[in-house]
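The following pair of complexes shares a single chain, subunit A, combined with subunit B in the former and subunit C in the latter.
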Partner chain A sequence: MLGVFRQEIKMQRGSWLVWTLAVLCLAAVYVSVYPAFASDAKVVTETFAKLPQAVKNAMGTGGFQLLNFPGFFANVLPIFMLAGGIQAANLGISMTNRDRIAGTSDFLLSKPLGRSRIFWQKLFANLILLMATSAALIGGIYLGSRLINADSFSSSTYLMVMAAFTFVQCWFLAVGVAIAQIAGRIRNSIGVSIALCFGLFVLAMFSSVVGDETIRYLTPYKYIDLLKVVQEHTYDIPHLIVGVAVIIVGTALGWLLYAHRDVEAA
Partner chain B sequence: MTAAITTHDLTKRYGKSRGIEKLNLEINEGEIFGFIGPNGAGKSTTIRTLLGLIKPTSGSASLFGEDIATNGPRLRQRIGYLPSEVFYYDNMKVSDLLRYSASFYDKPKKEIENRMYQLAKLLDLDLNKKIDDLSYGNKKKVGIVQGLQHSPDLIILDEPTGGLDPLMQQTFFDLLRSENKRGATILFSSHILSEVQKLCDRVAIIKDGKLVKVESMKTLRASSYAKIRLELAAPAAKSSFKLAGISNMAAAGKNVSFLYRGDVNAITKLIAKLPLTNVWIEEPELEEIFMHYYKTDNN
Partner chain C sequence: MNIFWHELRSRRIGLLAWSVSMAVFVWTSMVKYQTLTVDPASTSQLLKTMPDTIKAVFGMNGLDAVTLPGYFGICFLFVAIMLAVHAGLLGSNLLTVEPLTRTTEFLYTRPLGRWQILHAKLAAGIVHLFILWSITILTSYLSIELYANMDGFRHLLLVFMAAAAIIQLTLFAFGVAVAAFSRSAQLPSRLVAGAVFSSYAVALVSSTTQYSWLRDLSVFKAFDAADIIHTASLKPQYVWAYFVLASVFLAFGIWSFLRRDLHS
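The block that comes next holds the complex of A and B.
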């Protein structure tokens, strides 16, 4: 029954492991430098306050504000979101594109299984992998905070901040799935993923520099104002709604196109 | 006799380009049915439409009396398919791929696995090798096993013998005959007439997307041509080639070529009287068969 799901997990687990270890290593680096930042919080804040306004805006924070452990990670999470986005976009694109490039579509789609079933099993498998990366990162950073004896902080604030990583991954997974069906054969899925994620990341920085709220709606990196989450414990609902809508539309479009397209001979 | 495959005005167009046009076909259960045509005639398009890999522009098709549009996945439980080009997951072992293929079918896993071992032994296929390490011919054997291991009721083969050596081709044909004896219907698509001639009860000829003729093999054998080319020691007169059944003769100095349909003993006697340095007797191109299929012979 879940043959396609299991096969998808098997095929992606090597790549998943590499990505997850990479973000965990990055997390370990930032966790390890946090004590230095925390001990000289005042100095760090004053140093960053002296940076040109454009640079501060580009960092998306208006200035590096340490606040506390979740606040520190709110400042550095965009880098993780970039990496996580690339991982998710690549999974989304290659989920169905891989079969087209490798010529294995005939093998799979001539089996007694409906295309919808194949699509949802593959999507579910990739979603599980991304959730596993998120869980590893969230758990890993939290464990790191205990190891470095970071000051106690609100778990709910921490989770609200880190949920942005998960949300961005879901967004790029859905968009990747849609791109794979719209664009046809994509020989270099990782290249497309990097271009997509970097492009939207730069757009996010641009939106911070110019202070344009409209542009915030176009890039998933700005759907959640991380410092606002730390300071006010709240999300921007309109931006979240747009993000969720993109996830739903991207997934639905990918599914419908996959279910009805002609399978070209390899 | 119930029909295994029925198509009614089945049409597939790719924009303005034609795929197949108003194809009406009926293949009975238990038949070995040949589907021949030149490259680009529409054989693969027809097969891929029957399997649900491509959607028809118009018309309909049914397998075992059920519409493929509404019952595709259920019908594919009864189908074994071997495509012309085989591609599998390179990092998998052969046995793992075959077990993965078997996992989609409702039949008892043990039964399919036993059949997998039987077929692998018959075809001399190493189940422990990785797909990536296999030659093209061995990948084709994997395709044969994955298409037959679940003992399907309908076997669809799209130019299946590419990559197989002549001995293995013979083994494959014997295998198909035993599957047919078991009760399986076989749809065998090829552009090689001799393969179809060896195996099939009836044959459909398709050209430019249209069905030209459905014929029994007996009738097709009686009307098939041989392409004969001679290299002579000295030019021969045209009168040396007066024999009913010779057509399309071309002579250039010492080289003579023609098509022949008739008693092979008669043409052999005629050729033997000529001062030969070399002789070629070949199966004609399918295009040549189509061009001369219903024309009268001339000397």
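The block that comes next holds the complex of A and C.
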């Protein structure tokens, strides 16, 4: 029944383990930085409290809401999203590309299963792997915050921040699936994933330097404004809609092309 | 010479894509510089009062985005990352392209020694590195002339680009070394990705006081934009260290590629 699903998980579990461990190690490093950050934050908040009211109004207080645990991770999450994005894009591209490179397409497609069934089983398997990475990261950081006795924080804000990681992963999975179908044979799938993810990442960092709202639409790392989530507890709906639309279109495109294409024999 | 020309030709589309994206990035960033209107006094005042850990986490890296060197310094990190990814993937792909396309038997049965093939490939790779580097410095120069003021920045731009060249060479040599050594054709580009990514992560993490001892491990931190602007030069110990490192990688790559079994 779920043979393709199981096989897909089996093929990717090694690389899944490496990526998940790498992301968790990075998380451990950042969690261990947090106590120093928190004590510095305390000093800043105390200095700020002593300032006259007029100065406080002039400076604005928005930034000070960022001095808690979710705020800390909202600031450092982009590097996690970069790693998660590369993992997801690579899974998405190699999902259908692997068979064409290895010349196992005819083996797979001669099974008594429709193309669509194969496609969705593969996609579902890769989605499960990505969700497992997300869950490990979100749970791991939460556990870390308990271990270092971080001040209490709102878990819904924390989850809203971390959801950006899951979202970026889904986005790159869908885009990767579409790219693999549009581009034909991709010899170097990780190379394409890296170029894609780093390129969009550079664009995202650049858009925060110049504060441009239009560039934000082009890069998934910026669909969710993390700092705004911590300060105002909201997502930007238009950006979110664009992101979800790309996910749906990418997946649909990948599926339709996969279901209708001519397959070259090995 | 045929192999040299073939390598140059077969990679020209990729190089074109890299060059165009690099040029567009550098150009748009300078167009944006023109429109940056921040009140310089109040921001820098606020920056000075912040403790180090907070500055590091909030990505304030001692660079003042309102001045040309500071702004270019921020963009330089991204330029360096792009150059590093290109160089690393190029270095590894030069040697893994035959196993990936199953043309090993075709190429390595030509009446040429393996060293002749290898040095034609490496030369083609270095020409590509140099072309992308030239595009970067040229578009930087032109867009700064167009949208900002070049006065007093010429020397600094050259220092930045010298750092970029060292980063390119290091990653290229790393790519060659892992591709020559690894038996898998897929693994080398993954290792290159891992190296660039972890180097960037280390550069970020080592800005915090707690992990500043990690700074020597990251090529991006070794040629940190804030340091470059501060001293208007590269730290000689890092220049030497990465030069030696690149030579060791390259020598090891050549040594192991000339001795390995090739299979497709």
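Rule of thumb we're sticking to: the second predicted complex is superposed on the first by the 241 of 266 C-alpha atoms of A that agree within 3 Å, B and C clash if a C-alpha of one lies under 4 Å from a C-alpha of the other, contacts with A are read in each partner's own complex, and residues count from 1 in each chain.
In this section, contacts are C-beta pairs under 8 Å (C-beta built on N, C-alpha and C of every residue); 3 or more make two chains touch, one makes a residue touch a chain.
Given the structure is predicted, the values throughout are model-derived calculations rather than measurements.
A.B. asks: With the two complexes superposed on chain A, say which partner A:265 touches: subunit B (first), subunit C (second), both, or neither.
C.D. replies: first
A.B. asks: Name the contact category of A:11: first (subunit B only), second (subunit C only), both, or neither.
C.D. replies: Only subunit B is touched by A:11; subunit C is not.
A.B. asks: Just checking: does A:107 make contact with subunit B only, subunit C only, both, or neither of them? Give me first, second, both or neither.
C.D. replies: The first partner, subunit B, only.
A.B. asks: Looking at the overlay, what does A:154 touch: subunit B (first), subunit C (second), both, or neither?
C.D. replies: neither
A.B. asks: Looking at the overlay, what does A:32 touch: subunit B (first), subunit C (second), both, or neither?
C.D. replies: In the superposition, A:32 touches subunit C alone.
A.B. asks: Determine, for the superposed model, which of the two partners subunit B and subunit C contacts more residues of subunit A.
C.D. replies: C
A.B. asks: Counting only touches as set out at the top, which of subunit B and subunit C does A:198 meet: first, second, both, neither?
C.D. replies: second
A.B. asks: Touch check for A:234: first (subunit B), second (subunit C), both, or neither?
C.D. replies: It touches nothing on subunit B or subunit C.
A.B. asks: Return the residues of subunit A at which the contacts from subunit B and from subunit C coincide.
C.D. replies: none
A.B. asks: Show me the residue ranges of subunit C that touch subunit A in the complex, using the header's touch definition.
C.D. replies: 21, 25, 28-29, 32, 35-36, 46, 49-54, 57-59, 65, 71, 74-75, 78, 81-82, 85, 89, 93, 96-97, 100-101, 186, 189-190, 192-194, 196-197, 200-201, 204-205, 208-211
A.B. asks: Once bound in the complex, which stretches of subunit A touch subunit B?
C.D. replies: For this pair, the touching residues of subunit A are 3, 7, 11, 102-107, 109-114, 117, 260, 262-263, 265-266.
A.B. asks: Note which residues of subunit A are touching subunit C in the complex, please.
C.D. replies: For subunit A paired with subunit C, touching residues are 22, 26, 29-30, 32-33, 36-37, 40-41, 43-44, 47, 59, 66-67, 72, 75-76, 79, 82-83, 86, 101, 187-188, 190-191, 193-195, 198-199, 202-203, 205-206, 209-210, 212.
A.B. asks: Can you check the complex and tell me which residues of subunit B touch subunit A?
C.D. replies: 44, 48, 51-55, 72-77, 79, 81, 83-91, 100-101, 103-106, 146
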